[in-house]
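In the two complexes below, subunit A is the common chain; its partner is subunit B in one and subunit C in the other.
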Partner chain A sequence: MAVGLDLLVQFFPNFASIVLAATGLAIIFGIMGIINLAHGEFIMVGAFSTSLAYNGGIPFLPIDALPGLGRLIGAMLFAALVTALFGLLVERTIISGAIPNWIAERTVGHPVITPLYDRLLDSMVATWGLSLIMVQTFRNVFGNSLSGVPIPFGKLSYGNSSIGLYQVLLAGVAALVLVGLYLLFVRTDYGMRARATIQNESMAQSLGVNTERTYMATFALGSGLAGLTGALYAPLLSIEPGLGAAFLVDAFVAVVVGGSSVVVGTLLSGGLLGIVDTLFSNVYGTFAGRIALLIVAIVLIRFIPEGLSSLVERLRERRLEVD
Partner chain B sequence: MTKRVDRRKFLAGGASIATAGLAGCALMGSGSSDTIKLGILEDQSGNFALVGSPKHKASLLAIEEINNNGGINGQQIEYFDPDPQSNNQRYLELTRRMINQRNVDALWAGYSSATRETIREPAIDPNDQLYFYTTQYEGGVCDKNVFAVGPTARQQLGIVLPYLVEEYGSDIYTIAADYNFGQLSADWVKVLADENDANVIGEEFIPLSNSEFSSTISRIQDADPDFVMSMLVGSNHTSFYKQKASAGLDIPIGTSTAMAQGYEHLRLDPPAMSNIYAGVNYMEEVPTNRNTKEGGFVDRYYEKFPDAPYLNEEAENNYFSIYMYKRAVEQAGTTDQEEVKAALESGITYPAPEAPDGEEIKLVPETHHVNHHMWVMRADEEHNVQAVDDRVIDETFLKDTVGCDLTSKDEEKQYTPQDYYEEAG
Partner chain C sequence: MATESDDTATRGPLGRLTAALHGPNTMGNSRRFWYLFGVAVLLFVFFPLYMLPSSVTNMSQYLSLALLALSLAVVWGYTGVLSFGQVAFFGVAGYTYGIVAINVTGPLGTMAGLVVAVGIAALFAAVLGYFMFYGGVSDVYVTILTLVVVLVLKTFLDQTAGDEWTIGEAALGGFNGMPGIPDLALGIGEPFLVFDDFTLFYAALLAVLLTYLGLRVLLNSDYGRVMVAVREDEDRTEMLGYDVKRVKLTVFTFGGALAGLSGVLYVTYFNYISPSELSLTAASLPVIWVAVGGRKTLLGPIVATIFIERLGLFLSVNVGDWAFVINGLLLLVIVLLLPEGLVPGFRDLVSWLGDRRSEGETDDTAEPTGEVVE
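Then we have the complex of A and B:
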């Protein structure tokens, strides 16, 4: 049965998969009020782009000719970029409706689409439709499966067991992503504008923040992170158009449990859910792990509906009052 | 003999599927009574497209061959093949349309057991529609209208499990997909373990949505079995094989689901499928003359579908069962469904590609199942697949244990191993 060291090692991949699945979704939801049900398919775009780039399927861009690990890293960065650009396109056409409206104003004389910002249910329907279209389009264009990407780094042995080293290292990448996002939101102009837009959109506008551009950049950022997740998981999965669905549930549970703050919320929910999943999967099996994860989510939603990050917020406020 | 599947092939493959679909549509309008009408409902899109489209293609191959050789009793076959899109609701609608509007003489439909059960009681049985279900499955369907011609879990596991006990030892760890098929297959592992003096020392059921296997791999390593029996299903579960290879888990694995259906040995990079033993009645690599010889089944399939990625187990089942139907109609001298069923129950045989020269597989009259020629196929480190054992395995559960006899009693039921074996409880 599982012992301490085993649980510790097993925690890393579980933490990584929850955090990486959730960040893109959390950013788009937290800042734009859009529930992106096509999040899994954005991850799929990342995985497909990685596989194509790695296997030399991109014309004029011989990423497959890069030596050693450069080939894999090059393919992954390419995939994140492609997904970010794809996100930008989706934002301009479906989410904000800017491109259709631009055309409509010149043909029928008035805009036809109201932006989906902060329209939770409408955004769910629109992005769900988008996800269906994407899955079948990818199936038609690329077929039912794509040749894969090998898992790098070999194995890590401990005690009687062993695990793919790559899966453990993913936890480090997840932590780096969170640190990067923290710096982005706290230290950069974009971060300040994004936070201003969340707190009070009209006030931010009157102070000269171009909120539309902020939304555009945010959606591209969230999409790029989803693409990065797909890229990082491409070696571990079989590359098929439906692969995004497996990420969506984890991502939603993590965002709901984590609450509105992207970095703190995702870190806390990734940590907590990772521990629960690891403990129950190892001792009682994968099925028990899933059940435990969902029960914890239900209990937390019942008692802390604002999410774990609100708990941190409350603690901080209380400390300020005491001071 | 790893076949690389590149993007252009896939594009062309998609195009050929689209063309095949159009051909089906074109045929749909011309319903005349002097043709034999077959319904072919197989997934060309959606979750089951990967495993379903070879079934669709092989059906078209059989029909084309029969039509080119003068049809059945001089009548040409006309087929209807709308795409059920891996959607059970759509299966039910299309099945009803096939029966009520197209008046098909026989129906081939569905990949999963869930699909079969979706259409069997509400649509097949009330209309007494002659229906062929061809996927390898958990077994136990005793139904006057259903000819379940794929191998059952008892046949598939029955060839591979005893072989692995002999080769590697008696401690078995079972991992299976967490639904009807996986649960019943795991029960069959217990029954067969008991019959072969082996023990199931661990068992885990994996939700279909799960694609992260590090804890499963760690549990297997803790248990340290002699071999693993894997009845994992679907694209998420395919990740298990990549991840266990990366974790260095090199315990032999027996399976009834991997390789023969979703050709993982061609889709995944070696050594993911290294030392995996599939118990199957057919896969493209089965070394019979009828299959791999020049002009054999494999050649004819790729001649008609040059861009097809693989010829899988269920594709062969569709192929030979259409020919069995032909023999039954010729014997009955009519397409009247009750008379064709009676002819099918007269001990029809067919020289299927799975069987070596001089041997024909036999449709068992009492159970509507097939005594298959079964193979143990092993993949090595480079994913070359070779046959390591083969023999005919009769369908015994319905015939001997349950005593299903459809020639004397009209039943419409599915039996499970729990009802008959203590170990399966």
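Then we have the complex of A and C:
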């Protein structure tokens, strides 16, 4: 009984970390066909911005003067915004090459960069270069670590063990993020344009969708979510430039297992992988949890190459046929 | 060139060899190229005469890494499977060699270590490749999975500090790594040739040279043409009746073995291996070398490996921590501006200059590379 309860409670933080690590990556991959290998570094930007803002390191922005929880929430929102803006800059300079091309057209007379959209392998290599630059630049500029952010709320006791309330609440935040994304994609104009762009880019263009702007917004949104993840985990981690790597396995495995549909895929893979991780980490240790994640991913891809979300699609199609 | 090699093909074994080395899939089919190649090889052979001993031993390190780059060039550049996992095979072979060579003393142990290590690396690649390619995992997911495998392997090796991770005499040693790995030696009982310092340099040079020439033959053979076909259009190759999965698995396994050989040479240079050989940064290096040099060439990755590693050493002495930033920038700029890499870019420049100088004379260094222009 106690073990069951223990596993249930432990499931929430694992679910949260997988879902939060994966969403930003999944959105950019699903909509733009870009694998952002600098995803971990975007998370790192979020964590650094949170720490700087919380500890009063941002000039002209007295977030550290806010009272109580407002200080933390303010710092986190600020971090998500900073990362989104940073993502926008990366999109304009590297992914779409718009800024270098703008300069090149005025100096050498022709564009020099072909946009990386849907060039999966090239986008991986380019963002990998970006990730190297970011980790080492942050290390050189900020040193090996920044001062941390305290963990809010207290401990949650159950049975004869306890867990940080904050870790459990993160699962709620993860669920909220998924619900928010669902509403964004289903209810808003942006969501409709994004879905149209995924289905048929040239058709969307001829119907008046500015796909370039959609890509821009998407990359900023994905980066913002990565930043939010970094912000949310800033209290739990030591703020150092390599922290993004810790999220990579979770994020990539979740995207691989989840498949093309962002919200459904991430939810399902977060749930499944969360269960696997919790079981194996608790019984055999963290390393066994990692290995189990990898094996589950390889086996699942072997049998469901399109990811878990394709199962849901198939189910829905079958129901439509019955109707 | 094509007509000339058809003529020489009938002229005895030497002619057949030249014919086998040439083809549209590798750069450098002209006589001028082979003259330059000969000069470069001679420069390397006499390298110890005009360089400091430390430069020579450093060069043997770069040469063994060039094999790692070649393994990725075959897998990624010629077959279209971007693998971040080459360092995993490299590391597994390094550790395996260490375990065998520490436990079995004498040159027999080191020779067995070499064979077992390369075999284990190939087996590892084969098992991983089987699940990926026969599981119908698409290109991108292959890349991600290989990256995840490296990360997980590093996590595993990091936590092997305890006594339960001592295999015979060899302790895996967790973060601290495995010291005291013996040099590779030939002989039975008493070693008659130990590969250290200068001998290791020549061994590495010979390995790179033979691998380069061997790969040229492979890539210009019918099998090489199938590999390039898989890279260019998998579905079409399948429709033409080739077993794409088997080709990919075979190439991936071969790439694993080659990366393993590189790993063995590398650990005998340092006599030491640690999990940092499997870090994210380490995993990125082969991709950088191959992308910068030109992934659809064999020469490019070799040149880029030596150049970038030497540059890295120079930068770490002169600009310290900014070395990696410059490496990253190099990769980014090349991928964005010169997606084919530096060496093909250089070739195009040379042939462009040649065309400008003498309009009539055609330059055969600029032969088509067999790419499909989309």
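Side notes on the structure shown:
Methods note: the second predicted complex is superposed on the first by the 321 of 323 C-alpha atoms of A that agree within 3 Å, B and C clash if a C-alpha of one lies under 4 Å from a C-alpha of the other, contacts with A are read in each partner's own complex, and residues count from 1 in each chain.
In the analysis below, a residue touches a chain if its C-beta (ideal position, glycine included) is under 8 Å from a C-beta of that chain, and two chains touch if they have at least 3 such contacts.
Since this is a predicted model, take the numbers as computed values, not measurements.
With both complexes brought onto subunit A, simultaneous placement of subunit B and subunit C is prevented by a clash. When the two structures are aligned on the shared chain, A:A245 is found in touch with subunit B and with subunit C. In the superposition on chain A, A:H110 makes contact with neither subunit B nor subunit C. By the touch criterion defined above, A:R319 reaches neither subunit B nor subunit C. Legend: residue contacts after superposition of the two complexes on their common chain; A:V125 is shown touching subunit C, with no touch to subunit B.
Within the superposed three-chain model, A:S161 lies in touch with subunit B and out of touch with subunit C [touch as defined at top]. In the superposed pair of complexes, A:V253 makes contact with subunit C only, with no contact to subunit B.
Of the two partner chains placed by the overlay, subunit B and subunit C both lie in contact with A:F287. Of the two partner chains placed around the shared chain by superposition, subunit B is the only one that A:G143 touches, whereas subunit C remains out of contact. Of the candidate stretches 60-68, 114-122, 132-140 or 222-230 in subunit B, only 114-122 runs into subunit C once the two complexes are overlaid on chain A.
On subunit A, the surface patch touched by subunit B in one complex and by subunit C in the other comprises residues 136, 139-140, 245, 249, 287, 290. Contacts from subunit A toward subunit C in the complex involve residues 35, 94, 97, 100, 112-114, 120-122, 124-126, 128-133, 135-137, 139-140, 245, 248-249, 252-253, 255-256, 287, 290-291, 294, 297-298, 301-303, 305. Contact residues of subunit B toward subunit A in the complex are 4-7, 9-11, 13-14, 18, 45, 47, 49-50, 53, 178, 204-207, 209-219, 221-222, 224, 235-236, 238-239, 242-243, 245-249, 264, 267-269, 309. Every residue of subunit A that touches subunit B in the complex is listed here, in rising order: 1-2, 6, 9-10, 13-14, 17, 52, 57, 136, 139-148, 150-151, 154-155, 157, 160-164, 166-167, 235-238, 240, 242-243, 245-246, 249, 278, 281-282, 285-287, 289-290.
Taken together, the subunit C residues at the contact with subunit A in this complex read 82, 131-132, 134-141, 143-145, 147-149, 151-152, 155-156, 159, 280-281, 284, 287-288, 291, 321-325, 327-332, 335-337, 339.
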